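Same chain, two partners: chain A is paired with chain B first, then with chain C.
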Partner chain A sequence: MLWPRLRRGLTPYLFLAPFFLTFIAFWLGPIIASLIYSFTDWRGFASPRFIGFANYTKLFADPRFWVALKNTLFYGVVYVTILNLSALALALCLDSLWLRFKNAVKVGFFLPVTISLVVAAVIFEMIFAKGVGLLNIVQKGLGLGEIDWLGDPRFSIWAIIILRVWRALGYYAVIYFAGLQGIPGDVKEAARLDGCSPWQVTRHVTLPLLKPVILFGVIMSTIWALELFDEPWVLTKGGPADSTLTIVIYLYQAGFQYVELGYAAAVSYVLTLMIVAIAIVQKLLSGREVA
Partner chain B sequence: MTLIDRRAVLAGLAAAAAMPAAANAQARTKITYWAWTEHVAAANAVKGEFEKQNPGITVEVVNLNPFDLQDKFLVALAAGAGGPDVALILQRRFDGYLPTGGLLDTTAAMAPLKDSFPTSVYASLGTGGKTFAVPYDQNPAVYFYRADIFEANGIKAPLETWEDVVAAGRILAAKGIFIGHVSSPSGVPGVANLVQYLQSRDAQIFGADGKVIRDNKLARETLQFYFDLARKEKIVFESRNNAPEFFQAIKESKIAGYAVPAWAVFRLQKEAPEHAGKWRVMPWPKWGKDQPATTGAWGGNVLAIPKVSRNKEAALKWAMFIGANELTQVKIWQEGHLVPAFAPALRSPELLKGEDYLSGQSIYEAGLKDRTLNGFNYFDWAKAEVIIGNALDLMFGGKTSPAEAWAEIEKQLTGQLGR
Partner chain C sequence: MSGPSQAEQPAPSLAAYLGTLVVLLVLALAMTPVLWAVLSAFKSRADIFAGDVWPRRWSLENFDDLLAKTLYLRWMANSLVVALASTALGLLFCSLGGYAFAKFDFPGKTVMFWVVIASVSIPAFTTVIPLFGWLARLGLLDTYIVLILPFAANAFGIFLMRQYAVAIPNELLDAGRIDGAGEFRLYWSVVLPLLRPALGTVGVLIFIASWNSYIWPLVMMRTDEMLTLPVGVATLKSDQLPEYGMLMAASVLSSVPIIGAFLIMQRQFIAGLTQGAVK
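Let's look at the complex of A and B:
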């Protein structure tokens, strides 16, 4: 009598077990393990030795970490601002009734999302090439002179920003466009009937109603920005002179090139805490009405 | 059941039990080999012969980006799993793999062949009298030049010394043509490029004991020379290695010289096929008329076998087959113009065959045969490359002078590496 009841009670847990087992093995386990390793001198070859906060002390004393942090934050602020403003503007254009060939424009902007990074990097290497690149040809045509986009430390991070915005714009525009489609038409219609201009409708009706979606876009793009690795790694390997060194490249070098795994774990925890802190701040700044 | 029947049944059972073992004995051992581009082509060209000679072994050749390969292999050694049976390792990074204790000891296999390799190559295979790799290739540099441009400007090749190169470079620079190339910003290839200059002059960065050489006058002077080629003399083209602008300048005949290892002939051929017959090769210039006839190198490669390989014996056979075998070492020259490390292969007439792209000139005969290659001490090179590369970038960025850049390199190498 007891067993059938117990069996019925266990059944849902058995169905849920695969998820929890994989979650523990591949998510929770490594998260806890890396926290423990961050307090050790583990290099992968011998047993780890507990060294307290030495990795964290070393991290904050390393000038390259501060360069990586500065680059990542600068990139993050610029990239998130440009990306979200551009994506929002594009989504508003797509949402407007007057835009013709709407689908063609959507496809055009979304295509870069589907292109592999390697292909994109090859294309942009040619675009950014010193002297003979498309960008330099246009610049010279406009009388703006020549810029060594990938070779000059003053511009290399901007080259990465341009590439990343190009790749992500379509994705975020689609998110904002979906958000705009969800705003009831009668609200905007009522505003128009009350005499609001198109800008006033956007400013006072559309954007406030879109705020949760904007917050989502900003938080997601911030997280992605702080995890920047692929583009600078493929195009510049963090150079020249560490001008495109990001925290994740710094982490990669520590972990996979120098095999200082305990130290790399400490870097990853600092990065995680940064992401959590920034996400909380963004949520607080966005106001209560989003919740 | 009679006694005979029982015996027959038992014999049958025993035979059945033995069947998997027999099947296993006949099964082929599969080994994986990690390499890149031209080395993959060379391996594929000889693996058929290897499999014929070793009927029980098949080789799977995996093509990886060379830098990804180095990182993945290092992590595989640390993890004790996930690696190949044999990996091609950049000689300059090999030092970093030794402390892992994860490499197969090749001392016994290599000892009888010690005299078949250049001393510097053999010395780089391990530590404490033990070897943990099999040599594979060297990457000595030559100097490719545009014979038609030289001739049109009254420049007589081969240029014997760097002084001659500078003099010829000035003539060409007046016409907007560069006589060489400097990697700037540097990155890893840019550091390798500089090392060619240092090595050809025997200007070491680390002593044989692994300590950073302090107040290194020769290295500092070499860096100054390297910098002056670009900024004072303005006779070399500055760009990132393999950048589109570099190949565009090659195509437009704005670059008339290229000091790189022999494999670069394929790169020239691919990027500027229309220049067939115009390029030639000469040896690396000497540092003075009475200075030794040496060359530098981009850094050779060695073959390493992880201890955790399940097919160590087969892996060692493959490594010896491609690293210490005349037939295959000649093949790596034919397939990729990789200079064999195995000395008997260097005597093969195949190395003297001419290149159509160079109007029948043999790269080995014209550019390498009369040059010796100094050894170069690489230590903690993954970190050292970043330190040196950043200092070069700041120097070319106008933030430091070559003397300051070298002082910074010494300071950072000493401080960060503890050497």
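Let's look at the complex of A and C:
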């Protein structure tokens, strides 16, 4: 009777095997290997040599890394603030909308999220373009001067922020709206009967109850912000004058243009640590299971 | 759930009118870039550099150029093959694994599950660097398999599948076993049909991740023939004299499949994209 029992015991492993083998080969293995390589001078074909923390000290001594970090953080703070505040406001507006419209509006808001980041960036290339771009046509119409959005270091990061907020706003508004829908109506009703004005209900009942969802939105958008790559790479290649150089662009250049894979692995681990720290903060703050 | 029901809702207040106005304004703003891209795709080169909003003459020359001068159709085929294959494989891998996590007890289960969950917050490009080196050595750069497998092992996908599979009644599975069904048979004809809502959600998740991914194929694909749509479209962007019309035609054409899929399966898309946000 051993064989049937053994077969029962093996079943879950067999079922998990396709996922886990692929997962180990393409995710878990590389994640661990990347950490190990970050302590080596690996350049692709020659075998890597252990060099201790040299990559990390080189990294922290490189002014371009600090520029990349500063750009990423500036972009992140501005983007996360604008995005979440306006998404929240928009969700409150959506809540007051007549029920009939809500679904169609939701679908409209979601549309930009389905368009790939790269395609969105290419479309915005022609919105920010000097002379022929939509923004400059509008600016001319309003009597404002022309701005070389992508060519002027003062504006390039703002162009990226505008593009990113455009793409994500509806998505976050729908998430916040779903959170608002989850708040039981009788709680709001009770506050209203106690004489609260609509603003007081929002301020003291709705927003506190929405806190977990807001926390989720802020954390998710922060993580996404730190991983910024596609749009600045497509639009400006990190320029002009490194004004849109992000950590991932820095990493990409180190790894795939200069083929310093060990060094790039160190960059990736600095960023990974930042993101894991944020994920841990989220766990601590929410105490909920959000994967 | 959402406040007073429709019947007892009071007449729209001033706030409701204002809110509706704001929503419609934002909606118009959200649609503007898409409309601009469509309009520009149909403009002739002269019209684009004239800087008008409406095309003076609707022209298909941008689309002709795109199809004649670039490998656009090949990139589209690559993207379709890769996204469909990773979705199909991913659904198989994630449903099998999620079911095993949900309904079997076995040594190492907890550890394995937490390893998968913990990996979700690790950014994808951490894996790109060692994989680039390894795959280059193995001569596997520039192959479909490299674009398919990483997306098939979707950690969030297996997590979602497990959540849905937990709800399957044990009695149903035991009844199947008593009837003499083998374990795989049981999975295929009892579990899988019950997982249908999860299949839609996870399928959309994997399809979008694969269809829109950029840095991964950018690093792993070496020849023009093997590029996927996002990478290919981005290569059309030259720094000298940008062919805006052709770029817009490429943007519009490559968004049509995903927007079409979105409009047909909105429910699954919105479920897939908002999973984890609100319980």
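One rule holds in what follows: the second predicted complex is superposed on the first by the 250 of 291 C-alpha atoms of A that agree within 3 Å, B and C clash if a C-alpha of one lies under 4 Å from a C-alpha of the other, contacts with A are read in each partner's own complex, and residues count from 1 in each chain.
Keep this in mind: a contact is a pair of C-beta atoms (placed from the backbone, for glycine too) under 8 Å apart; a residue touches a chain by one contact, two chains touch by 3 or more.
Computed from a prediction, not measured in an experiment: that's the story for all the values here.
> Superposed on chain A, are chain B and chain C clashing or fitting side by side?
On the shared chain A, the partners clash.
> Going by the contact rule set out at the top, does A:240 touch chain B (first), chain C (second), both, or neither?
first
> Mind working out whether A:150 is in touch with chain B, chain C, both or neither, as first, second, both or neither?
The answer is first: A:150 touches chain B but not chain C.
> Using the superposition on chain A described above, determine whether A:208 touches chain B (first), chain C (second), both, or neither.
Neither partner.
> Kindly classify A:44 by the partners it touches after superposition: chain B alone (first), chain C alone (second), both, or neither?
both
> Of chain B and chain C, which one contacts the greater number of residues in chain A?
Partner with more touched residues of chain A: C.
> Scan A:261 for contacts with chain B and chain C and give back first, second, both or neither.
Once the two structures are laid over each other on A, A:261 reaches both partners.
> Is A:132 touching the first partner chain B, the second partner chain C, both, or neither of them?
Both chain B and chain C are touched by A:132.
> Take the contacts of chain A with chain B and those with chain C, and give the residues found in both.
Chain A residues touching both partners: 44-45, 125-126, 129, 131-132, 256, 261.
> In the complex formed with chain B, which residues of chain A make contact?
Going through chain A, the ones touching chain B are 43-45, 125-126, 129-133, 150-153, 236-237, 239-242, 253, 256-259, 261.
> For chain B, which residues count as touching chain A in their complex?
70-71, 74-75, 77-79, 96, 99-102, 184-188, 239-240, 243-245, 248, 382-383, 386, 389-390, 393-394, 397, 399
> Mind listing the chain C positions that touch chain A in their complex?
Within the complex, chain C contacts chain A at residues 1-4, 6, 9, 12-13, 15-16, 18-20, 22-23, 26-27, 29-34, 36-37, 40, 48-49, 51, 53, 92-94, 96-97, 99-101, 104, 106, 109, 112, 115-117, 119-123, 125-134, 136-137, 149-150, 152-153, 155-156, 158-159, 183, 187, 208, 211-212, 214-215, 219, 229-231, 233-234, 237, 242, 244, 247-248, 250-251, 254-255, 258-259, 261-263, 266, 269-270, 273-274, 276-279.
> Taking the touch rule as given, give the residues of chain A at its contact with chain C in the complex, in rising order.
7-9, 11-13, 15-16, 18-20, 22-23, 25-31, 33-34, 37, 42, 44-45, 89-90, 92-99, 101, 105-127, 129, 131-132, 134, 136-137, 166, 169-171, 174-175, 178-182, 184-185, 188-189, 198, 213, 216-217, 220, 223, 226-227, 229-230, 233-234, 248, 251-252, 255-256, 261, 264-265, 268-269, 271-272, 275-276, 279, 288, 290-291
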